[in-house]
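Below you'll find a set of structures to go through.
The following pair of complexes shares a single chain, subunit A, combined with subunit B in the former and subunit C in the latter.
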Partner chain A sequence: MQPAFRYVHLDTPVHRLHPLVKLIYVFLTLVLVMYPIRPTDLPVLLIWLGLSALLWIVGRIELRRFATLLKILFGTFVFLIIIQGFTYRFGQTPLLVLGHLRLWEADLGVITKEGVWFGVVLSVRILTAASALPIFVMTTPTSAIMTALGKLGVPRVATFMFVSALSFTSLLFEMWGSIVEAQKLRAFDIDRMNIFRRAFKAYIPIITPLILLLFRKANDFQIAMETKGFGSPIPPTEIEVLQTRPADYLWLAFILAVFAACTVLKFA
Partner chain B sequence: MADQPILSLQGVTFAYEGDVVALRDLNLSARRGEFVVVLGANGAGKSTLCYVLSGIVPHIYGGRRRGVVSVAGLDPWDEPLYVTAQRCGVLMQDPEVQLFMPTLKAELAFGPANLGVPREEILRRSREALALVRLDGLEEHNPRDLSGGQKQRAALASVLTMAPQVMVLDEPTSQLDPLGRWEVGEAIERLKRTGDLTIVMTTHETEEVLHLADQVLVLEEGRTVLQGSPAEVFSRTDVLEAAGVKTPVLMRICAELLGNENVPAIPSLSDVARRIRELVAAGRLTVSPEALPPPPSLTNNGPVILEARDLTVVYPGPRPVIALRGVNLQIREGEFIGIVGQNGSGKSTLVKSFVGLLRPTQGDVLFRGKSIRRFSVGEIARRIGLVLQNPDYQLFTPSCREEIRFGLRNIGVRPEEMDARVEEALRMVGLEMYGDLFPFRLSFGDRRKLAVASILALGPEVLILDEPTTAQDHRGRYQLAELARRFHERGGTVIMITHDVDLAARYAQRLVVLWEGQVLLDGPTAEVFRHPEELRRSFVVPPMAAQLAAELAPLGVPSHVMTVEDLYRVLRPASQREA
Partner chain C sequence: MEEKTTEKVRKTATGIGGVSIAWVTLFGALCGVTGLVPIFPYVGGGGYVPLTTPLCAIAPLLLGPWGGLAAAAVGGVIGMFVAPAAYPLQIVDVFLNAVLPALFVALMIQGNLLWKVTVPLFVVLGILGWLFPFYIPGAAAGFGRVPEPLYFLLTAIYWVPSTLIAATPLGTRFIPRWVRSANRAQRYGGVFLAVLAALFIWWLPWTRPYWYLFNYSAELGVATHIAYSWWVPALAAITAVITIPIVEALERSGLPKIEGAIW
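Right, the complex of A and B next:
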């Protein structure tokens, strides 16, 4: 089992893009989704999501990765739409009436059209935020991430923590898969349990060995890193030479333009 | 070789925190370019010696040390780890934890970049290291996508780019398949031929290092029990056995059967065969083929218990991997089957399909004629038990008893019956004294036994062992196989995946060789070992005793000789026969 969002070595315009431009795109995504939300935000979010889709396609990232992202977030989306449907305080148009239970301004027994819509907007906002980081991680080699973060003045230890966390994720997925298999061999079938049983019971036989193994692996990682000079006070050599090309400026201008358009549209 | 030792330990004693003494009064000296092999059972102090040399103690694992240590002019105890790392590189057992960068190029640059080595120099060292381990051309590959042997060679190259003067290799081949072991062994051999690097290597695989070693050190409970040239050390078979170290088969035969007469200090197969022929011709050895009982017949008329029918398994992905291609295999009740083949040949995929962990892409798996798809996870667990290589993936309870109860609860065993089954399972694996112990306080070998117990308690009809010798020393390597043998004697069916041909020769009645997802050979074990050409395709080498028997066939040595014990039955000193 491999993590869904690990770096894929390809030669595409997005892979060649300067990591700082990609970092600016991630940062602007976060700014955009942090703007105060309104039900009318959907076009703005869809425009930015369109930009993400463009990067996704130009970067030749497999579509099934996006499907994985949707699968991970699907439960959250359903939850948000239902909860907002019942509790959105500006909801006026009933879609489904189960009864009446007024709490402040909301009627908790009624699913409203406005609430469902607000839930949809919230979901799209989450999807917009969640789709940016995979593009960065899947198209940027770790050494380039380290160099780029170094240029931004981020301490090397902090950068490496981020980078090694990415590496550890891969190991984590493999271990998770192996543990689930090992417990199935003793008739413990987590895949067939409902969400409530999983939440309250099932994860102990999975998470306990995972934590114990992670402690051990972390120790081995520490040995491997420190015996390769990690943590030395010597200024490290930058292996990845990051060069800025005209295409980087064009992409940056394009991203900034889209961001400006979204901001204007949002607050107009 | 320069005369001055580059590595020196004088009267070194080391105890971990908690006063666990791991090394006692150790003395060792090695010159530039020398290859030192360190042998010993698990817990003998081999890894601790590696830690002492590379500075991992005291900088990562604390403890107390006495004595003098000098590694390339430094005492690792007094220097920060990054300083020692510039003189002494260390390669550990598990390649997975030594590779953390997304490309091989970045992996190789990681160490020297941390030390501020100029970029051009790093790139030069990387090119040289990749060429030495024969991974050139893979610079942009993700190390995690490489095979086991390639990963370990990548890890070796990533240490070489630090340009150390001393290289410490801690069981670098113990987690690899035969191909991986050969690849890494070949890289180490080339490293030795460069002549500049002093290498200290710990291992259980004495045969692999016999021709490389300049000096051999044998440890037992932290003490030196033997030290000297390979010829000196390996001629002491009694001391080696007592220390839990495997004597290379040919040297054992020389010492025990040929009295070490007229054979080179480190003999080859043809040397030993020649000497046996001479002794037979001189009447000092006799050949008694009748002394070896014929191999057990494979005419098993029992019902088919497991069957793979046109089984194809494809792992999806950007580049789908065909793990099994139309495999047809019938396993009858009461058989003891060995499955061999290099990593990626489909062994694990096959047994995971048997227990329903993987669904066939095409074809089917049948248990007593019924598709495995019709069984629930619990129903399969009651019928087929698979013991994985690493027990730590399953242990999570506070006691060994609870660990066994877990599976029993999942299959709905009644509480009044449960305790009896738990105690019986503990007794079967010899852990009845440790029922209340926290499983992680057991040794790795005992944790594997606990994993077997937790599967046996479910009462399966088929027991599948995946690599029962992994991470075991010479003394403990057959413990799980012995458990399987007892299970088999009680009428159970056993399937054993292994890379260890000696283990297969000793226990398996039938051997299946997988190669690129297909069955390459299938038949009685001795019969399969008579196809060295086909076996070579799968990087399986017949046991040394079987190879020797093939060489001595013209003398009448039967072809079903597979172990040294078999050979000793057939070839006996004339005096013994007369007696």
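Right, the complex of A and C next:
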């Protein structure tokens, strides 16, 4: 169990970009994908996906990461294309006729060309939505996120919890791996269990010791925090002082322009 | 003779609802990391519920209501960073996958105190779940017409029983008592019922944004309500089965107790 997407230290324009500009890009992606959708919206989605691809390339994120993203979403795409193929209510051109089962507005025995196309458009919508966050995660260091959250007015305690939890994830992956290996030595191999047996039986011998170990570690962590004066009323210093550069404004203007173009194209 | 001195104790920001920030942080990290562990498939394929969801649901049982909610929120955000592909709706998904299960379980186990909040909230969520997306935004956004009263009745499966549990002595008296009971059978029953009621009501806000995003047809909306009617109890059973051994282990661990937690 290892994350496919994590921060990669590189010196690229996307890595240097102010985190707030990247956050705006992530937020605008959410707004764009939540617009009501029609089968003719593919160009709008492809323009924004093109922007994501540009950031992906400029940020020198490996292509295999994108393949991983596609692999994760593949099941959803297949589900959408099949389901829309069968149930799209404006479908008229049959692609495959398995029989006839008319239910309210759709004939569930027929896969239609329009339905499959709409499924493809929806899949691009999901891909567009899912491709934004990995760019932010893989190009923004934790210290910069912490400073950016501070600038957004997020309470210090919340920022501290988030950054600490993020830094503890590596330790958790290690602990998880150790416990799974220890259980395998006791002939408790979760990899050999089917999905239902695994759901009901496999996680108790892993999660229970993990939580106990974690809470014991949390006691030490609490002492360390208090020793270092966490909670004192003095404002803390920042590890990384973020400054806006002309390039940040240019990127922001570019992202906003693409968003405006997509919106105009969508509603024109 | 020694002079007695007074000690000034300043209030610090190292606790949330009686639980230390360190505990909340680490449990949040665990919730986030388990976003990579698929536990239960969606009906019809297309993805899995990660272990994050049951762990966030039980967070209020282990850390008390406020600590549990905070841990779930931290876990959701961490999950978004660890598995961004699983969070296409970003912060919205943090709420759907992590915060809401914790919130509803917290409300259920505090039923003796909060039922006046829980019951109207469940009714509002039920009605909104019925209306969105097939009536609001409805045809304007390309959604078809759902057959009535069938659709209303199917939606009611997900909110009426939960509301009844929350409004009757089962929710206002017995569940809050059973989850803290020393009797193992009662505790299993209490946790299962609390999680079941919470997950049934959670299913409505959890599914609707994706129905909108996937532009579900009316037929699929009806079919999904039927298909998930066994799935939610199964997920609640898995969650209860995971919870009790953890709670029993924590009771024997000698770790400091948390106010509002069930151990």
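In this section, the second predicted complex is superposed on the first by the 188 of 268 C-alpha atoms of A that agree within 3 Å, B and C clash if a C-alpha of one lies under 4 Å from a C-alpha of the other, contacts with A are read in each partner's own complex, and residues count from 1 in each chain.
To be clear about the criterion, contacts are C-beta pairs under 8 Å (C-beta built on N, C-alpha and C of every residue); 3 or more make two chains touch, one makes a residue touch a chain.
Computed from a predicted structure; not experimentally measured.
**Q** For A:Arg125, select first, second, both or neither according to whether it touches subunit B, subunit C, the two together, or no partner.
**A** Only subunit C; A:Arg125 stays clear of subunit B.
**Q** Touching A:Leu265, do we find subunit B (first), subunit C (second), both, or neither?
**A** Neither: A:Leu265 stays clear of subunit B and subunit C.
**Q** Name the contact category of A:His9: first (subunit B only), second (subunit C only), both, or neither.
**A** So A:His9 only meets subunit B here.
**Q** Look at A:Ile179 in the shared chain and tell me whether it touches subunit B only, subunit C only, both, or neither; answer first, second, both or neither.
**A** Touch partner of A:Ile179: subunit B, not subunit C.
**Q** Touch check for A:Met161: first (subunit B), second (subunit C), both, or neither?
**A** After superposition on chain A, A:Met161 lies in contact with subunit C alone.
**Q** With both complexes overlaid on chain A, does A:Ser232 touch subunit B (first), subunit C (second), both or neither?
**A** In the superposition, A:Ser232 touches subunit B and subunit C alike.
**Q** Go through the superposed model and pick first if A:Phe221 touches only subunit B, second if only subunit C, both, or neither.
**A** Both partners, subunit B and subunit C.
**Q** After the superposition on A, what does A:Leu96 contact: first (subunit B), second (subunit C), both or neither?
**A** A:Leu96 contacts neither subunit B nor subunit C.
**Q** Which partner reaches more residues of subunit A, subunit B or subunit C?
**A** Touching more of subunit A: C.
**Q** With both complexes superposed on chain A, which partner does A:Ala187 reach: first (subunit B), second (subunit C), both or neither?
**A** The answer is first: A:Ala187 touches subunit B but not subunit C.
**Q** Give me the intersection of subunit A's contacts with subunit B and its contacts with subunit C, in residue numbers.
**A** 6, 164, 166, 204, 208-209, 212, 216-217, 219, 221-222, 225-226, 230-232
**Q** Can you name the residues of subunit A that touch subunit B in the complex?
**A** Touching subunit B: residues 6-7, 9, 62, 141-143, 163-164, 166-167, 170-171, 175, 178-179, 181-189, 192, 204-205, 208-209, 212-213, 216-217, 219-232, 234-241 of subunit A.
**Q** Please give the residue numbers of subunit C that touch subunit A in the complex, ascending.
**A** Result: residues 12-14, 16, 20-30, 32-33, 36-37, 39-41, 44-47, 51, 55, 62, 70, 74-75, 77-78, 80-92, 137, 140-142, 144-147, 212-215, 217-220, 237-238, 241-242, 245-246, 249-250, 253, 255-256 of subunit C touch subunit A.
**Q** Which stretch or stretches of subunit B touch subunit A in the complex?
**A** 54-56, 59-60, 80-82, 85-86, 89-90, 92, 94, 96-98, 100-103, 105-106, 109-119, 122, 140-142, 144, 158-159, 162, 318, 352, 355, 357, 376-378, 381-382, 385-386, 388, 390, 392-396, 406-407, 410-411, 440, 454-455, 458
**Q** State the interface residues of subunit A toward subunit C in the complex, per the touch definition above.
**A** 1-6, 26-27, 29-30, 33-34, 36-38, 68-69, 72-73, 75-76, 78-80, 83-84, 87-89, 103-106, 108, 118, 122, 125-126, 129-130, 132-134, 136-137, 156-157, 160-162, 164-166, 168-169, 172-173, 176, 195, 198-200, 203-204, 207-212, 214-219, 221-222, 225-226, 230-232
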